[in-house]
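Lettered A, B and C in written order, each chain numbered from 1.
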Amino acid sequence: LDEYMQDKSFVLQLGVWGLRGVTRVILANNPLSGALILVALYWASPWQGLLGTLGILVSTLTAVIMGQDSAEVSGGLHGFNGMLVSLLIGVFSSTGDWYWWLLLPVCLGSATCVFLFSGLSSVLDRWDLPVAVFPFNIIIILYLLCTGQDNPYFPHHAATPPGALELNGTKLIATEVIRGIPLGVGQIFACGALGPSLLILGAVLLYSPLLAVHALLGSAIGTLAGLSMAVRHDSLYLGLSGFNGALGCMAIGGLFFAISWKTHLLAIASAFLSAYADIALSNLLGTVGLPACSWAATLTATLMLLLTGSLAAYRIPIGQVRAP
Amino acid sequence: LDEYMQDKSFVLQLGVWGLRGVTRVILANNPLSGALILVALYWASPWQGLLGTLGILVSTLTAVIMGQDSAEVSGGLHGFNGMLVSLLIGVFSSTGDWYWWLLLPVCLGSATCVFLFSGLSSVLDRWDLPVAVFPFNIIIILYLLCTGQDNPYFPHHAATPPGALELNGTKLIATEVIRGIPLGVGQIFACGALGPSLLILGAVLLYSPLLAVHALLGSAIGTLAGLSMAVRHDSLYLGLSGFNGALGCMAIGGLFFAISWKTHLLAIASAFLSAYADIALSNLLGTVGLPACSWAATLTATLMLLLTGSLAAYRIPIGQVRAP
Amino acid sequence: LDEYMQDKSFVLQLGVWGLRGVTRVILANNPLSGALILVALYWASPWQGLLGTLGILVSTLTAVIMGQDSAEVSGGLHGFNGMLVSLLIGVFSSTGDWYWWLLLPVCLGSATCVFLFSGLSSVLDRWDLPVAVFPFNIIIILYLLCTGQDNPYFPHHAATPPGALELNGTKLIATEVIRGIPLGVGQIFACGALGPSLLILGAVLLYSPLLAVHALLGSAIGTLAGLSMAVRHDSLYLGLSGFNGALGCMAIGGLFFAISWKTHLLAIASAFLSAYADIALSNLLGTVGLPACSWAATLTATLMLLLTGSLAAYRIPIGQVRAP
């Protein structure tokens, strides 16, 4: 490590790579938006902000040490999975904030993401598919399974499936549901407070208004899908029903396809499919106390990228994906 | 849609594509057999027949709108997954027949099959593998997971694993077991009545006697495998033990391989493997109340198509698969 | 079969192929080591030795009959999966030794391994990946699911997840934990006795000292990982925590990569990842009473072989893998 640190500008570069990585979570690529999102995370919870920062630095450094492709590293591609793993390890931990032992699994998990990213890219490259957040989804499930809920060192909460019956059947509050829509965008970073969620939405808007519109649209569609399946009220209020829809909608409508009314319709279909698949997977994984994370949106977006037929003509090759 | 409807012959064409799609379920490709099978389904239950018809029309129309390859559409390749999804949504629903809200998930599920078919074909084409009924198996599992058993809008029955203990240990009735063999062919269309099952078998016979022989043989092998594992009596009586064996046997013995005594033995091995894998998967998925559908037969047939060695010489490339 | 048996030397050849197959389990390839390991297995339990021998012969013969590539057969590649399936069917059976009906599933399971090996190799060849013990892991899970714990013909024990709480919290005994490290090498063959485990380690040492060092190192790392997650004491004492680490470490450190200090570090990382993934998968599969077998090590080693970046330069193509 020291040999790199000699170069003073390396620390600065690492910072930029990290900030790019922060925005990669939300399918953007812009250090300024990244800084805004980081501010939002520290605002919501300083401990979570710290974990996220650590995760992104550890995984980017691991990628440098392992000699990964330097264009990928400087584009932030090796940071976002580590960041998400760290944030979710923090959110699910039942030991409260500032439990310093948690830094151990955070560092290990973030570093492992680089291995998975590199290995999976060899497989997915054959179909010109992005690795996306597959490493994050795999690592967080393995971590939660590994520790279990009653682990003496790293205990964690069990995830409640959205289809679980509610004991006291209260009425649904419409304003709370609507409030859940912007929260759905924040939940992409496991952030459940309204202010920071709006700031994150602002960061997306700064990068690309088209992406921001699709994020809100997708979150609204996800909430609609949740309503149609009568999921738990909490799930709607906290934006947990919306974030998979948002991701599925953004990936198709703002990133991997050239925009037109056809791809806009495809983005809406993708949001619905992501949202319903998320309810299904959450119910399945919830039987063993696991969350479904963003499996649904990742799988749906991958499926959409594989589509043949006339829609495939609108697809942008991975190497040429740019901000719209 | 309207622009297509202007052409009067389009409705007729759609009908033929749909009927071809009906026979694709049972690995055949013949509008006449399709009409016979549809009659059998309406005979068994008009509501199920209606759902099946709707499913096949919706998914075929979706494929047309999405601009899928026209040769595939007219061959009925985009219809059979939607049909199966519709039939199984109907069978598992616990709201009884003529519950019109069910048409909503039926239409959505059928349309989604086209996305999965198109996406999976991009992946499986690399190994010259057919997409087969993978989309159906994925969608039905997601639908059942999504709604859950106590859903207020779309409740459904839980599937009972075949290994579940029976409380009152009654003796096995040999005639009922033998009756289960032709029922196994009907169960491919989720049809549990003897008359319609025999009509379906007749439709297969009309298309290819070889296929019909392998269907019965496979169902018998599946029943035998069920007996050797002491599955629930119901599972044997209703033909649920047999239909995966039948599908596994038909795919190898009558469709994807040139027939010879070697491939005939392979078909028998495939039937056994399909049947045992079905018991295993049913026991696994049964722990969360899900059915194993035709996962076992689909995976087994895919495995057999991947075989290397001297047997691979008998394999017929997917593009040249014809009625034997 | 008879046409082969005419050639007297065929039986001898089959023996050599079988002995090579025995060593393939532990990533070696040497008939002499194979004979030593077989002696160790018969020493630990004659019944288990018999099952293992039967498994390896049945699957090798099946490969010959199915016309698999003769270089693969004579290299023992078609024997080791069948052997492992047979050994684990024996270990999990709750009917005690010398229950002759068990030979039926042993023969069927071993033969099926050849189908899976052949089919999976078509898929994995695209990335120059070895099939490794995927067939064993799939077949044993299917067998255990198929029979279930209360099967009247083939009952079996349920696997206890390593994260299960212990009722009487006794103190950890250090010498027992250290004793678990060599046992971890024996557990690769499902053997839990110290003497035979040391003999197996000796057989690896005979083939390649480097491989033996990595086996012990990996087992120690696996035990360390188990300690850090506070797994059940039994799991540590019996070497069950160590064997996935050992396999993951051997595959990278002694077989698929040219040795250097970089690949040595990668082997250590692989051992940790295998061990933690094993705890995670054991906890997951343990909820339905299934063991995780060597899924973790197999998946981890496959991942490592897919790595891109500067480490990929050390990778040895599958066709040129030799004893170091």
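Note that in this section contacts are C-beta pairs under 8 Å (C-beta built on N, C-alpha and C of every residue); 3 or more make two chains touch, one makes a residue touch a chain.
As the structure is a computational prediction, the values presented were derived from the model and not from experiment.
Trainee: Interface overlap for chain B and chain C, more than half of numbers shared or less than half: same or different?
Mentor: Mostly different residues form this interface, as fewer than half of the numbers used are common to both chains.
Trainee: For the sequence-identical pair chain A and chain B, what is the superposition rotation angle on Cα atoms, to the nearest 5 degrees?
Mentor: Between chain A and chain B, the superposition angle is 120 degrees.
Trainee: How many Å are there between the centre of chain B and the centre of chain C, using C-alpha atoms for each centre?
Mentor: Measuring from centre to centre gives 36 Å for this pair.
Trainee: Could you say which residues in chain A touch two or more other chains, in rising order?
Mentor: Those would be 126.
Trainee: What does chain C use to touch chain A in their complex?
Mentor: For chain C paired with chain A, touching residues are 126-127, 163, 165, 228-230, 269, 272-273, 276-277, 279-281, 283-284, 287, 302-304, 306-311.
Trainee: Where on chain B does chain A make contact in their complex?
Mentor: 66-69, 108, 112, 115-116, 118-123, 126, 141-143, 145-148, 150-153, 288
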